[in-house]
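So, here come the structures, one by one.
The same chain A turns up in both complexes below, where it pairs with chain B and then with chain C.
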Partner chain A sequence: MSVSIHLERRLNPPLAMRIAVPAAAVVAGLVAGGVILALGGHDPIDAYNSMWEGSLGSSDGIQASLIKACPLVLTGLAVATALRIGLWNIGGEGQLIIGATAATGVGLYATSLPGPLVLPAMILAGCLAGATWATIAAIPRALIGLNEIIVTLFLNYIAILLMDHLIFGPWADPKAFGFAYSRALPDAAMLPVIPGSYVHVGIVIAVVVAVTCWWLMERTPWGFSVRVAGGNARTAEYLGLHISRRMVIVLALSGAIAGLAGAIELTGVTNRLQDGISVNYGYSGVLIAFLARGRLLGVVVAAFLFATLVVGSYALQTTGVAQPIATIIEALIIVFLLAGDAALAFRVHMTRAPHALEPATAGVRS
Partner chain B sequence: MLTSRATAGAAPEPGATSEPAATVLEVRGITKSFGDRVANDHVDLTLKAGEIRALLGENGAGKTTLISVLCGQYRPDAGTVAVRGRPLPPGSPRAALAAGIGVVHQDFRLVPRFTVTENVVLGTDSWGGRKVEQKVAEHAAAAGFQLDPGAPAWSLSVGELQQLAILKLLYRGLDILILDEPTAVLSPPQAAELFNSMRKLADGGRSIIFITHRLREVIAVADEVTILRHGKVVADREVAGLDALQMSVLMIGSDAAARHTASRAGNPGEVVLKLESATVEGRGVRALDRVGLEVRRGEIVGVAGISGNGQNALAELAAGIVRPMAGSRTCIASAVAYIPEARMERGLVGAMSVSENLSLRQYRRPTMSHPLWIWSHRMTSLARRLIEAFSIPVKNPDSRVADLSGGGLQRVLLARELDEQPDLIIAAQPTRGLDVASSAMVRSQLVGHRDRGAGVVVISEDLDEILELSDRVLVLFKGAVVGEYSRGSFDRAEIGLRMGGEGTD
Partner chain C sequence: MTFWLNSVSVGIVLGTPLAYAALGELIAERAGVMNLGVEGMMLIGAVVGFIVTVRTQNAVLGMAGAGVAGAALASVHAVMTVGLRVNQIVMGLTLTILGAGLSAYLGAGYAGRRPGGEINAIPIPVLSQLPVVGSILFNHDVFVYAVPFIAIGIWLLIYRTRFGLWLRAAGEQPGAADASGVPVFLIRYLAVIVGGGFAGLAGAYFSVVYTRAWAEGMTGGRGWIAIALVIFGTWNPIVVLVGALIFGFVDGLNFQLQSVGVPVSSHLLAMMPYVFTLVVLIITWTRLRRRRVGMPEGLGLPYEREAR
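The block that comes next holds the complex of A and B.
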């Protein structure tokens, strides 16, 4: 008696499955995480209760999630935007950091600027710095085909080291006693909060950027041409589209969005340049774009859910669960989600063969 | 040229079985659906030892699905496959192979950097060596293949690659060979050689299922024919006594689409495209060598030749995508349509919808967009109009173009490229791999646009097609024009010779 398992491609999974599979993935991730929690001596139900309370189950939790979602929406958008022309921007992390660094420079040194202009100038500087950082990778990619994944990735390390140089050196806060952060920014450099909450307006900006990107890529002729170039370069070439030029523009745009994330995180949350201004936001952006299947508006939803997970895992830590365990649970849910997404593309057949077939005659070699 | 069919009728003593003409493969009631679409509907098929059975059908008739079921890639919804009376477990490629079923795919699936021997033994336990090489050589000789066991696969011609793919199956002792459209990539002499080998293998007791679109080939080589239409078997009979017309009627269901009558002559006007002594090089190879070509309004210029002799460079040069490195290209056409040979790679964007693909040439027009806004309903209405006019087999204009069949893709391309009423049309292998209905549509569109006053270049390996459509014929061999003929003075035999590089001196 032998059982054979057979996979077959599924063209269009029905809507019900597209909802049920991710839901089941989250449940599976929670169950697996529960086992780990129990092994660690915690009551899984209690733990998940506090996770829920800290993320979606309370007003404070929702506000914390929104704050967390802001940089994630933007880094997710940076990746999804570059994907429109078929490029992988793995450098969101570096572009975010360089954006925050440039914004800090403006905030610390452009003291002659009138108050209301400080914030716009910082944000603009952040965008330009992020765009420049991405363009460094875009130009060799467009001209000689140098792999943008490698270049954007390595530029991350350069950006981090540059920031470290500044916050330990010229920009270091003399009162920080060697901790890695810069002098605090002036009050004029703080993003306002949404009235009635403690959520800064960054999330609104992020959603506006998402809608704008979606409009640009999906509703304008230029965006259409970018998708043609990303979908099939040889067809684009036949149609006479300049692929290289579009690659540079799109990657610069992608970098600008990540740089914006840096400037917003700086002015909305940290108020100074510091190590850990990015908690892997750039890399999480890749994951978020993937979970959103590269869809620009889908990124907003995926980033928010991702943020609730992150915030929930913080809440878990306040109940005494060790940080590694909280992170493992977070990771488990994401792994199950990704696995579910991959499994959706296949139909599984399991069959029991009544008897194993002997090899046929005619000198068959096994 | 082709092996006489007399041997087939005489049913020679097959080598592998004791009983003459024993049934080796019996397919009963195979049904397989994908969603709502029934690809195979209670298909029956019987294959005897030493028999060559043609499997005939249009694109989408269910041939590929049936083959995938036979070799265990698909699990049928119902029905059984039995080899020599023993049922095959469904959905097991390994069991199919163990029972002796082997497939030669259209793309061969070989490793270019490996030698002939290495490709043959790939996937078996052995790994080269002199003994194995000798054994490979013996198998090759027995099948009549002239293959050097030590030659790397990349150095082989298409015909030799195909022999290698078949040799792989023979070496494994497989004796039910399925050839999936083997002649699609071959020149007529290469195809004739393949038919010789097939007959030899069948006479040696092996059984062959031969998939094709070309009726003439069925008559030339097959003993029996199974014709599929919309997933159902509509004919299962001896080839002897059938003629091409009867088969085509069975295949497409009515005699309306029976071979188009030879088109009328064109009415040539001013020159729209002129190539003078044009030379194109690619990757250090001279792809086109001092080619001269004139295309006038209202005429179809056919370019005959076996693929790989500069057709691709000529098509891209004529369409204005590549520039000549020497010589000149003069084109006075205001709109040039290009139907590329590589439809998906050069003409379409697989991840985009049918409607978006249909708009690729028009999306920037003021009628369709503003710099900040595409009127998507206009895109959709253009798509609906073209889907209707060109009978593109799709219900929803927003479905992905990559999900269409070969004929559907070509209809999308034609619709998009011809909608602008171009003055010059470059069509490369425009009917390759298409079913009869789609091919007929392509040809009538090309003739229709010629009659409207467009200059048309048809580059094709199908000599019948060239002779039927063209007002003038050029023969391309090794990047050079080696012959030119006008309508009325076409000499099929001579053109065929020149395609093969003969008769040029």
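The block that comes next holds the complex of A and C.
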């Protein structure tokens, strides 16, 4: 007699499960990470304590998480926006970098601009550069159907090399002695901080962008038409919608958001163009958008939680845990979250009956 | 003249690991599963292959270990995407991050060490004595010689065997294939795991055979290029191999130009392979669109028997 397992789609998992399953996934990821920490000769409890202290457990940690959340909200939004029309923008990394690069160019060379205009000009340059970078992928996708995943990815490498060329070459800081960063930007190019904290205003900008995107996509006819085009191409064609035009516009918008992330990270945090201005923000944005199930406001929450994880793993490193271990723990938590997400979508039936092989319930695997 | 000869020879060596990784990805994609974790699997292969070689002083064991390691990471992808139906793109990206972290962790004590064992070039008698082509084509290691046979073998497997028919069916129309008795799940699992083994080998080719050293993140994005090569090669193993060799040549040209001291920034030169591939992709794809060949119809979609 064999045990057979049926999987059945669960359409609306109860709210309790939607909270409990991801929580259990994070715990499972931390336990698995704890094993790796212990193998590496660290005390997992101590390590996680410092992780908590460094992220949600202290005022400094929360502020650091908010700073880290800013680029992640934006790259997450960039991905979620593109997903509305069914495109995967894996190029947030490159769009962010090219955005930061363009903003640096304005900051370094547009010296005749009056002080109050410097920041807006840099941010605008960042958005435009990000949009342009994404459009390079959008046009072949819209016109000839070339896979946008691969093109956006390639553009990441090209953007990084272009930035490297500039910061090692024409824009190099003469005092950097071969380190990879540009000259410092003028003071007028720094984003102000929120009074009473050391968090720059970028997070406010990011939330405003999130709400704007949500409004645009959920509350305007154009946003609805984008969803139709992304959901069912044939319906969209019958309705006379220009799918390819919308693809280009949406991907350009997506790139602009990622470019904005670059300009903000530059003006809010680094103050100069440098290698590592993006710490996988673009790729993290894909995971964030997915964990938020593509919901634009959900991205804000998912990005903040993701940021606490990243900031926590920095705190972990200050206790002597090697950076790769922190990366592994992050990745493990994501793997468990994804597995939990999948588990939520299905209900498992186990039957122990010889007549389980009914053709009507063909979900039989033994 | 020697400049070009060197470039071709280096190109063959650089193209070989790309061909392995791309052929592995091709097998998985033919079964309908996109594996964006190739980069992570190559890194895991590179580090495990290197460690095994250092420990055993035997490069053959090292390469075998690398294949197993790549397949092991790929089996996670298979369980998650085929079994649990997790989104293939998101899962692949996660595995690339995991592979990068895991390989850096495992390889921490191995940077700067020499592998001990090695895979030697085997000059082919007589042929390697030929003028010009002898040294370019017939003085390589066994992995270089094997790759055309592997590409042809995969072509035969896909188009001339029952298994290949099943593989294509699983990738094109999993529902119909399942209904006619093709073990869709089994085939998808197998294809992803075998593909990962290829990626592991490709990674170890860099660490054990080519540079004979381990460095964090040493594959430098070549896993992504492998994925692009599958698209470039329209899911045909022979064309994919040709693409890998062309790409290897452009990549090698970059090193050659740097070594002769061209007055162009090394960063701009390093951009060349990416720009080149992008341009070629756009050209091939424009041409292809009229013929509608290539991409498996079920690519990227999890197969849900319940939703049939």
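Throughout what follows, the second predicted complex is superposed on the first by the 344 of 366 C-alpha atoms of A that agree within 3 Å, B and C clash if a C-alpha of one lies under 4 Å from a C-alpha of the other, contacts with A are read in each partner's own complex, and residues count from 1 in each chain.
Assume contacts are C-beta pairs under 8 Å (C-beta built on N, C-alpha and C of every residue); 3 or more make two chains touch, one makes a residue touch a chain.
For clarity, every value in this text was computed on a predicted model and none was experimentally measured.
Undergrad: Could you say whether A:Leu113 touches chain B, chain C, both of them, or neither, answering first, second, both or neither?
TA: Neither partner.
Undergrad: After superposition on the shared chain, which partner residues are touched by A:Ala188: those of chain B (first), chain C (second), both, or neither?
TA: It touches nothing on chain B or chain C.
Undergrad: Thinking of the overlay built on chain A, is A:Ala342 touched by chain B (first), by chain C (second), by both, or by neither?
TA: second
Undergrad: Regarding the shared-chain residue A:Leu56, is it in contact with chain B (first), chain C (second), both, or neither?
TA: It touches nothing on chain B or chain C.
Undergrad: Is A:Leu297 touching the first partner chain B, the second partner chain C, both, or neither of them?
TA: Once the two structures are laid over each other on A, A:Leu297 reaches no partner at all.
Undergrad: Report for A:Glu8: first if it touches chain B alone, second if chain C alone, otherwise both or neither.
TA: So A:Glu8 meets both chain B and chain C here.
Undergrad: Taking the superposition as given, does A:Phe224 touch the first partner, chain B, the second, chain C, both, or neither?
TA: A:Phe224 contacts chain B only, not chain C.
Undergrad: In the three-chain superposition, say which chain, chain B or chain C, touches more residues of chain A.
TA: Between chain B and chain C, C touches the greater number of residues in chain A.
Undergrad: Of the partners chain B and chain C, which touch A:Ala24 in the superposed model: first, second, both, neither?
TA: Neither chain B nor chain C is touched by A:Ala24.
Undergrad: Which residues would you name on chain A as touching chain B in one complex and chain C in the other?
TA: 8, 362-363, 365
Undergrad: So in the complex, the part of chain C that touches chain A is made up of which residues?
TA: 36, 76, 80, 84-87, 89-91, 93-98, 100-105, 108, 185, 221, 224, 227-228, 231, 265, 267-268, 270-271, 274-275, 277-278, 281-282, 285-286, 289, 304-308
Undergrad: Which residues of chain B touch chain A once you look at their complex with the stated criterion?
TA: Residue positions touching the partner: 16, 34-35, 74-75, 83-84, 86, 88-92, 95, 97-100, 124-125, 172-175, 319, 321, 338, 340, 342, 344-352, 356, 360-361, 363-364, 369, 371-374, 376, 403.
Undergrad: Mind listing the chain A positions that touch chain B in their complex?
TA: Chain A reaches chain B through residues 4, 6, 8, 11-12, 219-222, 224-225, 227-228, 231-232, 234-235, 237-239, 349, 351, 353, 357, 359-366.
Undergrad: List the residues on chain A that touch chain C in their complex, please.
TA: 7-9, 36, 40, 88, 90, 140, 144-147, 149-151, 153-155, 157-158, 161-162, 164-165, 168-169, 280, 283, 286-287, 290, 322-328, 330-332, 334-335, 338-339, 341-343, 345-346, 362-363, 365
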